[in-house]
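The data blocks that follow each hold one structure.
Next come two complexes, and both contain chain A; in the first it sits with chain B, in the second with chain C.
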Partner chain A sequence: MQTLGELKLPQFFNYPPYFTLQPVRETQEKQIQLWKELIIAYCRMQKLFIIGLEEDFPLFSNPAIERSLNYDARSAFLSALVSDGRAEWTDKGHRQCLILWHQIQEWADIILRFVKDNGLEDSVMTLEEMRSGVESRGTDIHGMDHTVLTRALKLLENKGKLAIFKGTSTDDEGVKFSV
Partner chain B sequence: MAGNWLLPAETTTSGRPVLRPGEVESSLQPSVDLLNEENPNLPPLKSGLLVLTTHRLLWLPNPESTTSPAASAAAAVPLAAVVQILHSKKSIKGMFASPRVRFQVSITPEYKVQEKGSKFTTITLVFRGKSDPDSFVGKFWEAWRGRAWEGAVSGSDSGPGRVELGDGGGSSSSDTGLALKMPVVGLSGILRKEQEMWESTDKSLQDAFQDLNALMNKAKEMVALAEKMRQKLLSGSTSQANAANDEEMGSKEEMQDWLLSVGIVSPVTKESAGALYHQELSRQLADFVKIPLERAGGIMNLIDIYCLFNRARGTELISPDDLLRACSLWEKFNVPVMLKKFESGVMVIQNKSHSDEEVFSRIKSLVQKPDALKTGISATDAARTLGIAPAMAKEHLLAAESKGFLCRDVSPDGFRFYINIFHDIDPNDAYLVKEYGIYDAWIRAAIASR
Partner chain C sequence: MRRRPGIGGLQTAAAARDQYRLLGENVAKLRTDLMKEQLSTFRSQLEDFARKHKNDIKKNPAFRSQFHEMCAKVGVDPLASNKGFWAELLGIGDFYYELGVQIVDICLATRPINGGLINLEELCKMLSQRRKGAREAVSEDDCLRAISKLKVLGSGFEVITVGKRKLVRSVPTELKKDHNEILELSQAQGFVTVEEVERRLSWSTGRATDALETLLDEGLAMIDDGHRDGKRRYWFPCVSSVSSFVASETL
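Showing the complex of A and B:
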């Protein structure tokens, strides 16, 4: 079985038409469905948040069969994720895509669980500590995208679960949990 | 059965009369009754198509009024049996009634039309349609006086293979077994014989180009020559099938193709068919396309048919518009061919039996072969297997794709089609492979061999 990073690739990854955007509607819907799931699975496995449409992305080509997705196909698959609410364009030109392999609400739940598991209910932490500290190691929070983390924390702040302190730079940003 | 006092006439499946060798149509008249006023017991033939040829007067039943193409009801009066064409009297009364033309034919005592019969009877033609009986009578006279059937009778007596055209070089080999007599057999033998024949007919060709009238006189001879050579090639290929190698067969077939495309002896023209032009052209075209269609695997580009048809018609060329109108009339007749327009706008002629389902199932079996599963098929591959033109094959592949049966793969290697495995993949479990499905078959062929 072929792997990419740590992701076990499905057999159809070697099916050449998988890399050509299919023009027939029903077939294309199925193709997009399969691509969406694979992109999410890959990003989760690799902890990737950003896909640039014009940059090389390992998942979008298969050297074994010498096929790769063209721009239109990439754009179609990422647009499908965006309309599902599982990704967002980060720019107006739709050249870069933020992949939410957990929705913001899910991220908020994960943070809450992380706080409870580590007994951090009333503590203060910087955002940087959360992303790269010892406590978060082994969880999805480790290495989390800054934008996504900030948005998840804002959601929790609105629910009164914590307070965000603005620092002089992004390094200084911190939170006080009050779960 | 109507008209058994007349001779029966054969028609093709599309309802065109089957002409004898050398017979040429000269006029067509719609809605004509053929009756015998002297003997009311004989059933009159009502409102059919009257076809005047150089040999016969044919009456064909109206295809719309009969449910089946009733080939048996078509009747013929050989011009040889016509004794006299009567002059129609012009009168005031005649101006209001349908125009009539009468002529006398010889009959047997049993009232059957026959050449040199012992009795005579008068046949009346009643023109009910908007036709021009005067010009018809003119052509009738012309054909009757032309006595074209006399040459044909002597020709048919000696059999089609023995029409004497050239001198000894052409006729020496017909029955006596050329493998024994000729010092060189096979391809070179045929070519040498051909060469001799060309030399002997070279003179007649040169004569033919002296002036147009001479050409018209020679045209019949030329067509007969082509037909004769074709017959000879046919008999040659069977008699020495053992000795013939593939190359030889190939060049023979090529030669036959050339000769086949020489001739429609009696092309439908605006002049002869008048208002019925498109209708009759349509029928003639339906008969004509049968052989080329068979060779091309049941489907052909309209453009190719246009070229072949015009080539076969010689000087009586038709316009693309006429061809299209002739093809679109097929829907109304019971003919075995049809015009089809692909989504891309490409128009083809295909046998009705050459259904899309059949092509589809052949494509289906083609893409499921191990090699095709692995590397897909191109339009060229499909064309080779289906025996049709690549452009046509691509149309069929695209049609199969739009039905969701194929998927495309566009890469630097080209445009290829694969069997669609997307339907067989479980969207909730991308790693699940259902046993014995298309996906499973594809994995076995494509991955296992890697």
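Showing the complex of A and C:
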């Protein structure tokens, strides 16, 4: 089986018509479903959060069969993820997409678990520490997108699980947990 | 002087008729008995055979196919009833019912990909993958047998032959001759172009696009606009399945 990074590529990735957006509704639905799953799996594996529609993205072309997704197809697959709540456009022109391979609520749960696992219930931590510190190594939080982290933390703040305090720069933004 | 019919004559005639009938009945009974005896001998022989080769029948697809052939020749259908002695003896009925259910399952699951038409070979492969745990190997012959039993349900399961391949159809759409010819043509590479259909089948452009559009609408074809030459290709997952395409690529 062909792999990309550490991801085992599904069989449809080698079947040329899957790189052309299908005109017939039912066929297209199936095609979109398969691509959605693949995009999420790939982003999760690579810890990717942003996909630019106009940039080269390894998943969107398969040199082995000389096929790549055109703009319309990319846009259709990402739009489908957006309407599933698994992605968000970051700009009005829909040229860049934020991929939520965990939804914000799931991220919040992961953070809570992380806090409990590490006994940080009453601690103070900077966002940077969370994203690149020793504690988060090996968890999904490690290398997490800054925007996504902030939003998950805001969600927890609204629930009274922590307080966010802003520093002078993004580097010293921090949280005080009170789980 | 002519003898006139008397009561005595009538009685004699009637008695003779009775005698003939009795004799006839006896002969018929004798024959039936003989037949019955032969049949029961035959049946017990067949049973003995089945019992003796039970394991072969269960485990060896080739042997099973031959056994079926033999049964068919003598007019016995081991699959006719699930309650008969065959079922009890071999569990053979259950085997095919199970296969049938799994075939329906696979056909339904792959319908969005292939439009309800699947290569028998691929179906078999998927079936074997699914039955990895089961002891019995499954042959194409077994698939065909199980599918023929599905016909009873009237669900439109059918095996059609296109070119060299057998395809299993699980949707009620009737394939027209034109569509069959395109499917056959596509078997060489897995796809066709409008140009190719026109040239190879000597059709007008309209006829070719019409047929291809229909196949597309039925979900049997997928378009591919990504080739360098800029010509649209129509791929048919039912003849060159996604998996078999990959296999041939890596060879």
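Worth a mention:
In this section, the second predicted complex is superposed on the first by the 179 of 179 C-alpha atoms of A that agree within 3 Å, B and C clash if a C-alpha of one lies under 4 Å from a C-alpha of the other, contacts with A are read in each partner's own complex, and residues count from 1 in each chain.
Here is the rule we go by: contacts are C-beta pairs under 8 Å (C-beta built on N, C-alpha and C of every residue); 3 or more make two chains touch, one makes a residue touch a chain.
Model, not experiment: these values are computed from the prediction.
With the two structures aligned on chain A, chain B clashes with chain C. In the superposition on chain A, A:Glu66 makes contact with both chain B and chain C. In the superposed pair of complexes, A:Lys30 makes contact with chain B and with chain C alike. Shared-chain residue A:Leu38: touches chain B; no touch with chain C.
After overlaying the two complexes on the shared chain, residue contacts for A:Phe19 are found with chain B and with chain C alike. In the superposed model, A:Pro58 lies in contact with neither chain B nor chain C. When the shared chain is aligned, chain B and chain C each come close enough to touch A:Gln11.
Residues 11-12, 14-17, 19-20, 22-24, 26-27, 30, 64, 66-67 of chain A are contacted both by chain B in one complex and by chain C in the other.
Residues 11-12, 14-20, 22-24, 26-27, 29-30, 64-68, 70 of chain A are the ones touching chain C in the complex.
Of all residues in chain B, those touching chain A in their complex are 376, 401-402, 404, 407-413, 416, 418, 420-423, 425, 427, 430-431, 433, 439, 442-443, 446-447, 450. Chain contact summary for the complex, chain C toward chain A: residues 112-113, 115, 191, 216-217, 219, 222-228, 233, 235, 237, 242-243, 245-246, 249.
Interface residues of chain A facing chain B in the complex, by the touch rule stated above, are 8, 10-12, 14-17, 19-20, 22-24, 26-27, 30-31, 33-34, 37-38, 64, 66-67.
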